[in-house]
Amino acid sequence: MTRYFENGTGELVPDALAGFARAHADLVEYDPADGYVTARNTAPARTVGLLSGGGSGHEPLHAGYVGAGMLDAACPGRVFASPHNRQIFRASRAVAGPNGVLHIVKNYTGDRINFGIAAERLADAGIACGRVLVDDDLASDSEDIAAGRRGTGATVLVEKVLGGAADTGMGLDGLVGLGTAVAGRCRTLAVASAAHHAPVTGEPAFALPPGELEYGVGIHGERADRTRSQKQVGVLVEDMADALLGALRPGPDDPVVALVNGLGSVTSLELYGVFGELGRVLDARRVRLARHLVGNYVTALDMRGFSLTLMVADRAVLDFYDAPARTPAWQG
Amino acid sequence: MTRYFENGTGELVPDALAGFARAHADLVEYDPADGYVTARNTAPARTVGLLSGGGSGHEPLHAGYVGAGMLDAACPGRVFASPHNRQIFRASRAVAGPNGVLHIVKNYTGDRINFGIAAERLADAGIACGRVLVDDDLASDSEDIAAGRRGTGATVLVEKVLGGAADTGMGLDGLVGLGTAVAGRCRTLAVASAAHHAPVTGEPAFALPPGELEYGVGIHGERADRTRSQKQVGVLVEDMADALLGALRPGPDDPVVALVNGLGSVTSLELYGVFGELGRVLDARRVRLARHLVGNYVTALDMRGFSLTLMVADRAVLDFYDAPARTPAWQG
Amino acid sequence: MTTAAFDSTRTRDWMRRFTASVYATEAELTELDQRVGDGDFGTNLAAGVRAAGLLLDRPEAPAGSAEALGAVATAFLDEIGGTSGPLFGLLFQALSRAADGSDAGLTTGALAEGTAQGLAAIRRVGGAEPGDKTLVDALAPAAAALRAARDAPPAAALAAAADGAWQGVRDTASLTARRGRASYLGERVTGIPDPGAVGVALLFSAAAGTVRTLAPHLPGG
Amino acid sequence: MTTAAFDSTRTRDWMRRFTASVYATEAELTELDQRVGDGDFGTNLAAGVRAAGLLLDRPEAPAGSAEALGAVATAFLDEIGGTSGPLFGLLFQALSRAADGSDAGLTTGALAEGTAQGLAAIRRVGGAEPGDKTLVDALAPAAAALRAARDAPPAAALAAAADGAWQGVRDTASLTARRGRASYLGERVTGIPDPGAVGVALLFSAAAGTVRTLAPHLPGG
C-alpha cells in the first residue's frame, strides 16, 4: 500500500474507468476489454468522430471531455504511458463518422508512434483518419529537442474548439486544418513547487529543495531543464505571461483565451490568486482576455504546480469554443 | 516563500477572492472591504436570503456555491478560521429577503460563536435570521465531545437542497425545519493518507508514517483520534460505508445521495476508484443510490484523503436537490 | 487610591507588551495549535493584536484606559474570527466596561470585576466549563487571583493573575479536551497544553513584561 | 548448419530469461526512468513480458522460434503503449520474420538480419539517430556485433551483441538526449544511462542468463 488509495494491483486506471463510467453513465460508456471510453450522445450533424488519448494521470483529460460537443472517444493508457495501437484502432473504428475519424494527439514520441500505427491500420481498413498534433509547451521549444514541443494544457482548448467545429458538420480536412492552426496559436508554461508522487513507490518523483521551483516542468513530471528560486506569485506569473506573449505576439484586437490550470495538488485558493495576477499582467499589456478557465483541466497526478496556457483566437474560433458541450468535466 | 504560490503576505484569501470574483464576474460579486461574496442573480420567488461561511481552505466551499439556485452570500474567514461577526452581519444585511436570512453553519465552536453574535446584531437591526446547523461528521459522534459532531461534506448537499427549496418561496421557518431535518439525515467519514501542508510553514500539518491512515480526520486537518493501517481501498470503503449506513439506517425505498469528496490532493483516478467500490457496497446492501457526486467539493487545503457522505432523502428533497443552479462550482 | 489605578499610559504599555509577546511567540502558538487543533491560533491572535494596534495608534487614539481597552475589544470582535477572536474580544469588552464603571479607573478591583465578567461572558457564549481544556482553564484561576489580590496595586495583582494563568496552562496539559478542536483528538492531546490558555497567560504576563518564548512556562520548561 | 540455430525451446528459454531479468530489475528500470523521464519504463516493459508470457505459455502455444517471437511481438504491439512498447514490438516482429524467412530457422544470420531490420524499423518509426540517447544506442552496436559474429553459433553471437549493447548503454550516460523524454531535461541527465537502452541490453544478455541487478553493467558499476 502506498499513499495512493488503490487495491494493491498497482493499476489505478481500470478501476478508475469503471467507477467513472458508472458515475457518468448518462454521458459515457466504457469498454473494459478494449479500454476505451465513448460518448453516448453526439450531434447529428457531426460527420467526423473526434478521438483523443494519451497516458493516464492527467485527469480530467481525456475521458472527462468525452461527450456531446467534445470528444466521441478517449483512449487512456497506463499512468504516463500512451495507449497502445489496438486500443486506438478499435476506438477509432467504433466512433468513425461518414467522413472518418480525427486523432487529437499530444506531441510525445510514444503517442505519435502508437497513434501512427493505429492510423496505418485504419487506412488499411478503409477508414479515413486525420491527425492534429498539439505541441504548446514553451519549455520544450528548443533546437536541442528533436522531438519538438510537448503537448500539454492546450489540448483541452483544441478539443473544445474542434468539438464545436465538428458539430457544424465540418469535414476531416477542415478539422485537421483548423485544429493545426489553433494548436499553433497556443503556448503553455508550467511550474511546480513539489513533485508528484509515483504511484508505484508512493515517493516524490523528484526532490526539490524548499523555496525552489521547477520552471518548465512536464505533465509527466519530467523535470525542467533548470530549477529556479521561488518568487512572489505576482512576479512569477508576470515572467510566465511575458514569455508566452513573447512567443505568441497577439495583436491588440485578437481575442485571447487563458487557461490557469492546476497540476494536481495546488489549491483552488492559489489558482484564483494566479488568475488575478494574470489578469493584471494582461490588462497592463493591453491584451484582450476574451475567455478564461481556472481549475484542474490537465493534471500530473498530484504534482504541486500550475500551468498557464494562452490561445490566440479569432471570432470563428471563439464561436466554436462557446458552442454547447456536455461532458463529465465540461458543462456549458 | 513556502511551497504555496503566494505573495509572501501569508494571506492567501483576499488575493484568491479577488481573482475568483474576476473569473466569475457573471455570477458573483466580491466586497473586498467587508470580505464577502454575493450572487448576481437570484430566483424572483426567493424570499429568504441564504448565507453560509466558515474558514477558508475548503474550496470550492463556500464561495463556489454562491449563485442562482444555491447561496446568496458566502463569508470566507482566514484559512481554517471562521469569519468574524461583522462580516457575517453585513453580508446578511445585504442579502436578506422579505422573510429574512438563513445561516447555514457548520458545527464548530468558532462558527457558532461568530454566527451567533451576528445573529444577535441582526435581531437588533430588525432582520429575521434563522440557522441550520450542519453536523454530519461521524468521527466526532462521541459522548466525550461536548461540542457535538463537526460539520463537513454534507454542507454542500444541505446548501443545494435549501437553495432549491428557497427558490420555491419557502419561508424562514420552513427552511430551518427542512434544513435541520436534511442535515440530520447526513453522515460523513473522512480518511487521509497524508496531511495538508500548513500555509504558514509549508510543512505537513502532522506526520503520518507510510502505510498509515488517519481514520476520521477533520477538514481542518485535525487528526483523528486514531491512526490505522492502510487497507486495500475496497476494504476501506466497505468499512466506511457500513459505518455510515449503521448510523443512518436507510429503508430499502429511501433514495440515498452519495458524495465522494476529495480533500485536496487525492487524484481523480482514486476518487472514481472509490466511487466504484462504494457503488458495489451499496448494491450489495440493497441501498438505493439515487444521486451521486464525485470530485473536490469540500477540501482541506492539499490534504491527501477523501470523505464519503451519505444523505437519506425523500422525493421532495430530491426535487430540491435536482432544481437548477448556476454557481462557479455547481452547474446543472 | 487613584495612584493604584492603571492610567491610560500604563494600560497602553500593557497592551503593547501583549502585542510584542504575541508576535514573539506566534510561531510557538501556531505549533501548539497544530498539535491539538488546526494550526491557526497564532495567526488569529497576531491578527487581533495587529488590528488592535491600528486602532490604538491612530492620531485620534482613545484617551483613557477604558477607551483603550474598548478599542482592543472592537478590533477583536469586529475583525477577528476563529473561536478565540470573539472570546478575547468579550474579555477586553468586559475589562473596558469595568474600567469605565469604576470611579477610579482601572483599579485592581476593576481588573478583578472585568476579568470575572469576561470569564462569565466567555462561558455563556462558548459553553465551556473548567477542565474542558480551553482558555477558560487559564482565565478562571486568573480571575480568582485578581479577586484574592483585591488590596494589592494593579501591577502586583496582575502578576498574581499571570501566575494563576500559567498554572492553569500547565494543568491543561494533563487534560483531554471536551471543547474546541482538541476534543476531536481524544487521548492524543494528553500532555500538550491548550494554546488559547497560553494566550490568556500571555495577556496577564504582559502587565509586567514581554514574554519572548513559551518554554519556561510550559510543562517540562 | 541446423545445429547452429536456436530451436523453439532455446528461443523460449531466451524469452523466459528476458522476462525474469525484467522482473528482477523492474524497480531499477523505473528508478532510471524516474531520473531521466517519467518513471514508467519499468512498468511498461514488465507489462510487455507479462503479456508475452500469457501468449507463450498458452496450451496451444506457438511451435517454432518464429512463432514464439511472433507471439512476443504481438503482445508488445497490441497490448503495450508508451514509447518503448511498440518499439520493442517492432524488434520482435523483425526477429520473428527473419527466423521465418531463414530456411535453417533462428540462426546467427537470422538474428543479425532480424536485429538490423528491427533497428531500421525503430529508426523509421521513432526518428532517432545514434547519439540521441535512446535504445537505438544499444541496439545499433548489438546489430553490428551480430553482423560481425556471422560465423559464430547463436549463443556466442548473442553474447557479443550483449557486450555491444551494454557498452552502448554506458555510452548513453555521457550523452545529453535529443529524443524521448530525457531530451526535456537538458544537461541534467548527463551521467545517467538511458533506460530503454538498458532494456535492449537485458534482452541480448538473457540469451546467456538472467540479469538480476543492473549495477555491474552501468557506469561506475
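So that you can tell them apart, the chains are marked A, B, C and D in the order they are listed, and the count of residues begins at 1 in each.
Heads up, the rule we're going with is that contacts are C-beta pairs under 8 Å (C-beta built on N, C-alpha and C of every residue); 3 or more make two chains touch, one makes a residue touch a chain.
Given the structure is predicted, the values throughout are model-derived calculations rather than measurements.
Enquirer: Among all the other chains, which ones are in touch with both chain B and chain D?
Expert: A
Enquirer: Which chain has its C-alpha centroid at the greatest distance from the C-alpha centroid of chain B?
Expert: D
Enquirer: Please report how many Å separate the Cα centroid of chain A from that of chain B, as a whole number.
Expert: 30
Enquirer: Where the centres are mean C-alpha positions, what is the separation of chain C from chain D, in Å?
Expert: 72
Enquirer: Roughly how far is chain A from chain C, going centre to centre by Cα mean, in whole Å?
Expert: 54
Enquirer: Measure off the straight-line distance from the CA centroid of chain B to the CA centroid of chain C, and report it in whole Å.
Expert: Computed from C-alpha means, the inter-chain centre distance equals 32 Å.
Enquirer: Which residue numbers or ranges of chain B touch two or more of the other chains?
Expert: In chain B, residues 79 touch at least two other chains, as defined above.
Enquirer: Of all the residues in chain C, which ones touch at least 2 other chains?
Expert: None at all.
Enquirer: Connecting every touching chain pair, does the picture come out as line, ring, star, complete or other?
Expert: Drawn as a graph, the chains make an open path, so a line.
Enquirer: Name the touching chain pairs, please: which are they?
Expert: Applying the touch criterion to every chain pair yields A-B, A-D, B-C.
Enquirer: In their complex, what parts of chain A are in touch with chain B?
Expert: Chain A reaches chain B through residues 1-8, 12-13, 15-20, 22-23, 56-57, 59-60, 64, 79, 193-194, 202, 210-211, 230-234, 236, 264-277, 279, 292, 294, 296, 299, 301-302, 304, 306, 331-332.
Enquirer: Would you tell me which residues of chain C are touching chain B in their complex?
Expert: Those residues of chain C that touch chain B are 30, 34-35, 37-40, 42-44, 47, 77-87, 125-128, 132, 176, 178-181, 183-188.
Enquirer: Note which residues of chain B are touching chain C in the complex, please.
Expert: Residues in contact with chain C: 10, 55, 77-87, 108-110, 113-114, 116-117, 139-140, 144-147, 150, 198, 200-201, 205-206, 218, 220-226.
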